[in-house]
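Notes for the one structure printed next.
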Amino acid sequence: MNGVFRLTFRYLAYNRLKTVTLILCVSLALLLPVLLQFGVSQFEQDLLSRARSTPLIAGAKGSRFDLALQSMYFNQADRESTNMLEVEAIEETGYALPIPLVLRFTAQGAPVVGTTLDYFEFRKLVMAKGSNLKRLGDCVIGANLAENLQLSPGDQLMSDPLNVFDLSGTYPLKMRVVGVLEKSGSADDDAVFVDVHTEWIISGIGHGHQKINAATNKDLVLKQEGSTTIANAAVPQFNEVTEENITSFHFHGDTETFPVSSIIVIPFDKKSEVLLLGMYDSDTSVLQLIRPIEIVNELMEMVFRVKQLFDMNTFLVSVSVGLLLCLVFLLSLRLRKRERQTMFQLGCSRSTIWKLQLTEILFIVLASLIIVLVLTLVCRIYAYQIIKFLFI
Amino acid sequence: MIQIQQLQFSYPKSQFRLHIPDLKISESEKLAVIGPSGCGKTTLLNLISSILIPDQGTLISCGINLKTLDDSQRRAYRISKIGFVFQEFELIDYLNVRENIMLPYYINGTLQLDKAVDERTRELTKSMQIDQYLNSRIDQISQGERQRVAICRALLPQPQILLADEPTGNLDPVNKQLIRDLLIEHATQTKATLIMVTHDDSLLDQFERTIDIACFHEVVETA
Amino acid sequence: MHRIYFIVALFSMTMLYACQQKPQEGTRLAEEKQSPVIVVVNYPLEFIVKSLVGPDVKVLNPVPPGSDPETWFPNDEIIQTIQEADLIVTNGANFADWVKKLSLPRSKVLKTSIFLKEDLITVPDYEVHSHGSGGAHSHAGTVAFFWLDPALLARQADAIGKKLIQLLPREKESITENLKNLKDSLEPLNLKLDQLRSKYPGLHWFSQRPVYQYLTRRADWTVHHLHWKKNTKPNESTWETMKTIQELHKVPFMIWEQKPDKKLLNEFQQRGVSSFVLNPLTAKPARGDYLTEMRLQLNQLEAFLKSGSSTQESSETK
């Protein structure tokens, strides 16, 4: 058998272009369905596990898909927001713990998620380094983000302006990184978590600025009418919350009116869940309350329908690649007729001659399988970089 | 060594027929086979090497009646007794010189590839003056050298019968002589029977006997 | 089309997460606390909680003595203690600056103002400023000093009691009993306020800032804020405002959170306004507790009003 392998490898090495072409052909024909199957099953598994661990989501009426996916994956969907009053309303029912999510801004391209400390407990997120959010201006970052941006507790992270051309818009906030989360293998790994109040400061609903004194800051004060001070736009706003200036930060208006993108609702029991769903299942309700698992199941149905098309395509491609391979091998057999004849004359058995041919096929298939396996593993390990390179 | 009596052979759907009433080739004999193209020179070699089976008659080689052998026995006979040299050398281009010489050992499980084989390869190639090309590719050596490689391959398993089918057909006059001499020399050294098919009358002088195969060739008129 | 694009994007995202190695289970230490810790943001809440729970429960008012609970801000160490508490009882209505500026677990925060919703008093904007592109904006809100009306304090106690029973179900009986006792002990205060209402109806008061609304509403009085900042002197515009209000209403009294200096007192006196100091009890009183201090202050108020009205009557007769 040693001789057969030697001859096979020598032949394949000598005809390396043909060998590589064949291996690539087979690899590509195998890679697509394998990656697709791997991807879809991971997609399904992750989507379902995230959806299963998110009992209910409340948000302004509109696309249920957008609401579910935004709340689970923090993508920047163009959705109507609700407000803190609705969060309070859910809390007041006594049926569930509402966790507000405010998702409007990004920092270095990563979504800034305004929430409360309950979110970390709910998702069982554990700090790898540093501490949890403490005060305004603090942020806790996901493991991937920390790795990519080389950030650790004590560093600072600037929020991105909403629109770079909007010079009069909200100013970026320099956030204090207080903690880095352990890897969770979810969207949380790539997010920046801040307190809802910090997100509102980024939004410009709250801000901090130096105290305006009509007597000493004459250049800043336009008008003083009784207790009303009207200052000009030169009043410097703080772009960072520090121990020294934190007291100057304040919010305008009633907290209850402040925007909330969506609310993760954790019912205390099954009965509470049903009651809540019933409560929001009306035309008059301003909110919609959804079960993410139902949305994900609907999405998966769509994905599987698309996958069926891919599977059909894969089948046809596989058949054509198979036929092509047959043709190549038949031609090769014909070309090597004299070689076989010589071997036969030298005493080689017909079975050994066939073994030689089959070993070649086996080697090509095996090499293709290894390539597919390696590529799948590489995709698995470097998926983040690949997808980032391709999509971001 | 080889004894042929009333041997008849024909190819299916062909007018060709070979009839050898009686032919004896003794051990270590150096025999040249001549005859016009298509008269059955190669067929004779294939019969002696048991690739073809006679339709009738007796063919005894090395004391074995080849007609009575089954496929695996014929193969075993070929491996152990026969060495083949072809007109077109039939070297394998994806193997180097050494591997081409050792080819019978790679493709036959019954032949043991050991250090002795390696040593013999070196000796053979040295005697053929191609030892410097052992690791070279076939397309890197000349026609004459290729044929010497083919001779080495045929000689390596130490056959009792060396069959050479027009081994000089593709060579220049100098190389023709050289190859013939090498074949005779090595056959003499190993006491092997050499049967060489040739068209070239100038090469016959070194052979002990020459037979014209045309005497045995018949063309059967079909109705 | 949009949805398909979305699925593709989502697929990429989930693949991204799926393709990463799953982490090891967190090594979160679920430390069993020896005794539950309840954090409160001001003295009245501390008084309520302490009245309801036994000594096994640690009630923590993180504001150090001498600090103003409205503006005090905790350091990182205290923040952690607060975050790790079993219950954080807040007042709501923007009382205590740190409540808004700290990250707190919502599940552990009891905002007592939620239970008083329909009775909350919102004051008009008292400071407006504008700069930048945002236009004029105001810093206003709900008056936070509910406890100055004992009836509202009782309702805060109800809400706290309910939450405490959830937190300490074994203590249900004692909490219920303590709650009843607390409410009973508040009755004399309610009675006193009712008496004041019937004796001195429709009074107008000045105050520096919105603090006494719940108390004055209970007594059916009106309070006008002069809106000058803490630790500063009233300026010309303050006096102007005061004059304007006095022209509209007869406002004979000024209610202070702490005793003003003599000069200021005289200035008010010269403008025909008598001063009365009523400690809003945001911090623990030097002596006694909420009940004794409120009782004392209401008695003093009654005496003040009695003397004030007789003076007015006598001046009118002269």
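By letter and in written order, the chains are A, B and C; residue numbering begins at 1 in each of them.
Just so it is clear, contacts are C-beta pairs under 8 Å (C-beta built on N, C-alpha and C of every residue); 3 or more make two chains touch, one makes a residue touch a chain.
As the structure is a prediction and not an experimental result, all values here were calculated from the model.
If the chains shown are joined wherever they touch, the resulting network is a simple chain of contacts running from one end to the other without closing.
Chain A has the Cα centre that lies closest to the mean of all protein Cα atoms in view.
Once the centre of each chain is set as its mean CA position, chain A and chain C turn out to be 43 Å apart. Spacing of chain A relative to chain B, judged by their CA centroids, is 72 angstrom. The distance from the centre of chain B to the centre of chain C, with each centre set as the mean of the Cα atoms, comes to 114 Å. Those residues of chain C lying in contact with chain A across their complex are 3-4, 6-7, 9-23, 26-28, 71, 73, 76, 79-80, 83, 94, 97, 100-107, 114, 126-134, 136-139, 141, 227-228, 237, 240-241. Touching chain B in their complex are the following residues of chain A: 2-4, 6-7, 10-11, 13-15, 338-339, 341-349, 352.
Taken in their complex, chain B has these residues touching chain A: 49, 51, 72, 75-76, 78-79, 82, 84, 86, 88, 90, 92-95, 99, 103-109, 113, 153. Residues 39, 42-43, 45-47, 65-66, 69, 73, 75, 88, 91-92, 97-100, 116-118, 121, 124-126, 131-136, 138, 143-144, 168-169, 182-187, 189-190, 195, 197, 204, 209, 212, 220, 224, 226-235, 237, 246-247, 249-255, 299, 302-303, 306, 379-384, 387-388, 390-391 of chain A are the ones that touch chain C when the two sit in their complex.
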